[in-house]
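Chain naming follows the written order as A, B and C, and within any one chain the residues start at number 1.
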Amino acid sequence: MRDRNGKLNKILIIVLIIFYAVPFYILTTTSLKKDMDVSSKWKMPSYLYLNSFTNAWSKANLGHAFLNNIIILVISMTALIILGSLAAYPLARNKSRLNKFMYYLFVSAMIVPPLSILVPLYQFYSRIHAMNTFWGITLIHLTFQLPLTIFLYTGFIGTIPRELDEAALIDGCSRFGLFFKILFPLLKPVTATITIVTGVNIWNDYQFSLFFLQKSQVQTITVTLSRFFGEHANYVSWVAAGSLLGSIPMIIIYLFLQKYFISGLSSGAVKG
Amino acid sequence: MKKGIRLITALTAALMVTSSSLMGCSSSKSSSSSTSSPVTLSMYSNITDVAFQNTIKEIASNFEKENTGIKLDITFPGSEYENILKVKMASNEMPDIFDTHGWAQLRYGNYLMDLKDSSWVSKLDSTIKPVVTDSKGKVYCLPLNEAKDGIIYNKTLLNKYGIAVPKTVDELVAAAEKISKASNGQIKPFFLSGVDNWMVGQLVDVMATPMLISAKTNSADALLNKSFDWSKWNTMGDFLLKLKNEGLVNEDVLTAKSTDLPKRFAEGKTVFCATMLSVADDVKAIDSSVELGVMPAPAFDSTDTPSFSGGERQTLGVWKDTKYKEQCLKVLDYFAKQENQEKIATVGKYPSALTGISVASTFQKDFDSNKDTRVFAYFDRVYLPNGMWDVICKNGVKLLAGQIKSSDYSSVMKSEFTRLSTK
Amino acid sequence: MSEKYIHKKTLKDKLNSPGMLNILYVPVLILFGTFLIYPFFKGIQVSFTNWDGYSQIFKYVGFQNYKQMFADSDIVTVIYNTIVYGVGSTLFQNIFGLAFALLLCRQTKLNAVGRTFVYLPAIISPLIMGYIWYFIFQYDGGALNDIIKLFSGSQTNLLASTKANVWIITGINSFQFVGVSMVIYLAGLQNIPHDYYEAAEIDGASYWQRFLNITVPMLAPSITVAVVLNLIGGLKLFDVIWSLTNGGPGYSSCSLSTMMYQLYFAKQEAGLAASLGILMFVIITIVSVIALAGFRKREISQ
C-alpha cells in the first residue's frame, strides 16, 4: 500500500516539475539562440552561442545594478526582520483592544495602492533630498513590506504556546529579553519564509525603484532591464538572456533558504 | 537578556553606520549658482533609439569639452519618460533641460522658460515656428528635429506586386486588397497593435487630417469654435472597421505588441503601418534587403491631395525655475549648431526644424519626392483638447474588438471633447 | 529597607507589564504615519478635485468624480474583474498550494527540486515573467500556438477574447504565485509534531482522517495567512495584467489597480483615479477584514 503511494507521489512530482519548468525552459532556449534564429521556442539550438548573455550584461549595465540590488536588499531585510518581529511580539502576546486595532491598521496598510501615495511621497522625498539614495528607497521598502512581515510574524508567534513565555518569566527573564532568548529562535521557519517572500518583492520592485532611483548609478536590475528591453525589444535572445541573469541571485537565495523551511527545528520546542 | 539587548544595539548601530555612510554616498545637489564653479545640469529625453541616444551623448560630451565648467547628466528613461515627468511636474522638480516631444505648449507649457532671445529662433522654419511659439511670442523649446509623419510602407513589397504609392484612401484600400488576394490571404497588409494602442491612435491621427482638415471644404473652423458635427467622425470608425472586416489587418491585432512590427516588415508580412521612422533601423538589422518608405496620408476625397502630419518630434526645453539659466541656454545653442543638427538629422531620420540643414538620411528620397506635399500640424495637438489622445486610442481598440460601433466611437469622442474643452 | 524593595519591584513590574511591550511597534507606527497615512489622506483630498496629475493648479469639484465613477459602465466591468481576480486566485492558489505542500514536504532530493520549480515563477520578476508569458502566448511564434498548430493546424489568440481573458489571467496568476501559498503551508506543516500522526496511525486512522483531524486544524493559522494574503494580492493585481494585456482590449481585463493607473497617467484624470483608489481600498479592506476575522475565529475554535 505504502509503496504504491510512494510511486504515485513520485510521478505526480515529476509531472509537476515538468509543468513548472516550461517557462524556464522556454526562456533558456530563447536566450541561447542567435538573433535571426526563428525556430520554434521549444527547440534547443544545436550550437552554443553565449553572446546574448555578454551583450545583456554590458548593455544593461547589470554588474552595477546587481551591486545596487544587493546593498538595498541586505539593508532592507535586516531592518525589516528586526522591526517586523519586534512589532509583532506585542501584537501577538498582548491582545488588548488597542493592539487589535493596531494589528488591523498595520495589515490594512498592505491594501493601500502604491499609486495613491506616489506623488505625495515623491514631493516629500524631493524636499528632504531622499531622491536617488539607498536609505530613501529602504524606507519605502520597509513601508510596503512591514505589513506582510508583521502579519506573518504575528500569526506564527501566536502558534507558540504561552507556557514557554511564562516559564521564562518565572526564570527571571524580562518580557523584552524573553523575545530574544525564547521566541525569536523559534521563528526560524517563518523568518525564512519572510526573507524569501519579501526579499523577492524588494529585489523585483519596479514601481518605486523606477521613480525614486532614476540616476544610472543607483538604478536597480528591474529598471535597467526594462530600459534595455525597451531599447532592444527586437533582440528577443538578449531580452531572454538579461531576464535569466536578473533572476539567478534570487533563485540561489531560495535554494539556500529551503533548508530552513524544512529543518524541523521548531517541532522540538512544541514537543517539550 | 543582556545578550539580546547587546545584539539589538549592535545591529541598530551597524544599520545606522551603514545608512549614514550611504547618505554620504548619495548624490548631493550643487548649491553654487555662479558660472565659475563646476555646474551639473540634468537633462532628460524620451529618445529610445540607441544610436540616437549615443549621438546626443556625443554632442553633450563635445559640449563639455568646450565648456569646462558645465557637466551634462543625461537620463533616457525610455517608455516611462512621460509618467516620470508627470510626477516630476506635480512635485515641481523638473530637470534643467528636457524633451517636450510634441507637448511643449499643451502639457509642459507652464514649466518652460521663454527662449525667444536665442540666436537660433530666427532659423526656425515656417512649419515649426507656429507650433513652438505662442500668440504672445514666447518660444517654448528648441526643436531637435521636426515630425513629418504619414504611413510607413514596405517598398520592397509594393514593388514586388507592381503597385504605385497610393494617393487616395480608395487607392490605399485597393492596394491592400490586391496584395491580400495575390498572397492568398497570407499577407495582412496593415499592422496595428491593440496592446500598444498608441499605434491605433497614430493611424487615426494622421488620417484625421485628410478626413477633416486638408480638403477645400473642411471642418477646421467648426472644430475650433466647437460647432463640429461629430457624426462626421463615423467615417473614421467605418474606415478602421472596413480594414478589419476585409481581413486587411493583422489577425492578432488585439494582442500584438509594437515590438512585433520590425519582424513583420522584414518577413514581408506587413505592408502599411503608421509608426515612427525609427522602425527602419530595426528592420534593417533583421533583413537589410527590405526597403521601407514613408508616404503622406492619402486623401479621402479625390479632389484633395495627400498630406503629412508635422510638428515637434524631439526637442529640448529649459525649466523655467532652473538655477542655471545661462548655462542651459548655452547647451541649447550648442545643439542648434549646424554640425550638430546635421548629426541629429542623419541618425534621427526626421528632417531638421532649422532652415538650411539638409542631410542624406534613410527617408530623404521620399521627403524629396514629396517636396510640395502640404504639412499640417498634428490633428490632435491643434483641434482636440488635452487628454483626448487616450480616448482616441482606447476606443479605437474597442472598435476593432467589436465592443463598440462607429457611431459609439463618434459619440464618445463628442462627449469627451465637450468635457475636456470646458476644464 | 523593605520599602525600597517594594518600590523597585513595582517599577520593574511596570516595565515588565504586557502593556509596556507596545513600545516595540511605535517605530513602525511612525513610519506608517509619515509614509502611508499622511499621503493616503492627501490622496483622498485629490479625489475631490479635477487635478490632471501634473499641473500646479486644480479645482475642487466635490463629489463629481465619485458620481462619474459609479455612472461609468467600464467601472462595473472592472469591479467584477477585480473580484474574479481576487476570489479566483485565492481559491486556486490555496487548494493547489496546500496540495503541493503536502506532496513536497519530505526531505528527499526530488522534493527539493519540486519545491524549487514550483516556487520559481514567483521569484522571477513580474516584468520578466510577462515576457515569458508573451513568448508562450504570442500569436505568431508563441510556444503554445506551436503545440496547438501541431494538433489542430490553426492558431489561437487566447488573450483577445474579452470574455475569457480575465479567467485566463487569473489562471496564469495562480500558476505563477501558488509557490507562495505552498511555502506558507510548508512552514506551517513543519510545526505539526510527528507524534500526533504516529499516535493516529496506531489508532488506525486513514490518510484522510489524519488529514482532516490533525493537519487541517493545526494548519489553521497558515490557512488564515495564505487566504488573506492571496485575497489582498489578487484584488490588488497589477503586474500580471499589465504585462499580458495592458488591461485591454479596451478596459475588458483591467483590475481596479490597472484602471487606476491608466486613469491617472494615460487619461490624465488624477482626481478620478484617486476616487477609484479609495473605492479599491474600501472593497479590499472590507473583504480582507471579513476573511481575516472569520478565519481567526476558526483558528481559535480549533
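Brief remarks on what is shown
Just so it is clear, contacts are C-beta pairs under 8 Å (C-beta built on N, C-alpha and C of every residue); 3 or more make two chains touch, one makes a residue touch a chain.
This one's a predicted model, so the numbers in the text were calculated from it and none came from an experiment.
Path length between chain B and chain C in the touching-chain graph (shortest route): 1. Here A-B and A-C are compared, and the pair linked by more C-beta contacts is A-C. Mean C-alpha position of chain A lies 37 Å from that of chain B. Put simply, the C-alpha centre of chain A and that of chain C have 14 angstrom between them.
Counting only residues that touch two or more partner chains, chain A has 119, 174, 176, 226.
In chain C, the residues that touch at least two other chains are 53. Residue positions of chain B touching 2 or more other chains, listed in rising order: 87, 90, 92, 257.
By the touch criterion stated above, chain A contacts chain B in their complex at residues 36, 71, 75, 78-79, 82, 118-119, 122-123, 126, 129, 132-136, 138, 173-174, 176-181, 210-211, 214-218, 226-227, 230-234.
By the touch criterion stated above, chain A contacts chain C in their complex at residues 9-10, 12-14, 16-17, 20-24, 26-27, 30, 38, 40-42, 83-84, 86-91, 93-94, 96, 98-99, 102, 104-113, 115-117, 119-121, 124, 139-140, 142-143, 146, 148, 150-152, 155-156, 158-159, 169, 174-176, 189-190, 192-193, 196-197, 200, 203-204, 206, 221-222, 225-226, 229, 236, 239-240, 243, 246-247, 250-251, 254-255, 258, 261-264, 266-267, 270-271. If you check the complex, the residues on chain C that touch chain B are 50, 52-56, 134, 137-140, 155, 157, 159-160, 162, 245-246, 248-252, 262, 265-269.
Contact residues of chain C toward chain A in the complex are 15-22, 24-25, 27-29, 31-32, 35-36, 38-40, 42-43, 53, 100, 103-105, 107, 110-129, 131-133, 135-136, 141-143, 146-147, 180, 183-184, 186-187, 190-195, 221-222, 224-225, 228-229, 232, 236, 239, 257, 260-261, 264, 270, 273-274, 277, 280-281, 284-285, 288-289, 292, 299. Chain contact summary for the complex, chain B toward chain C: residues 82-83, 85-87, 89-90, 92, 107, 110, 194-197, 251-252, 254-257, 260, 386-387, 390-391, 394-395, 397-398, 400-401, 403, 423.
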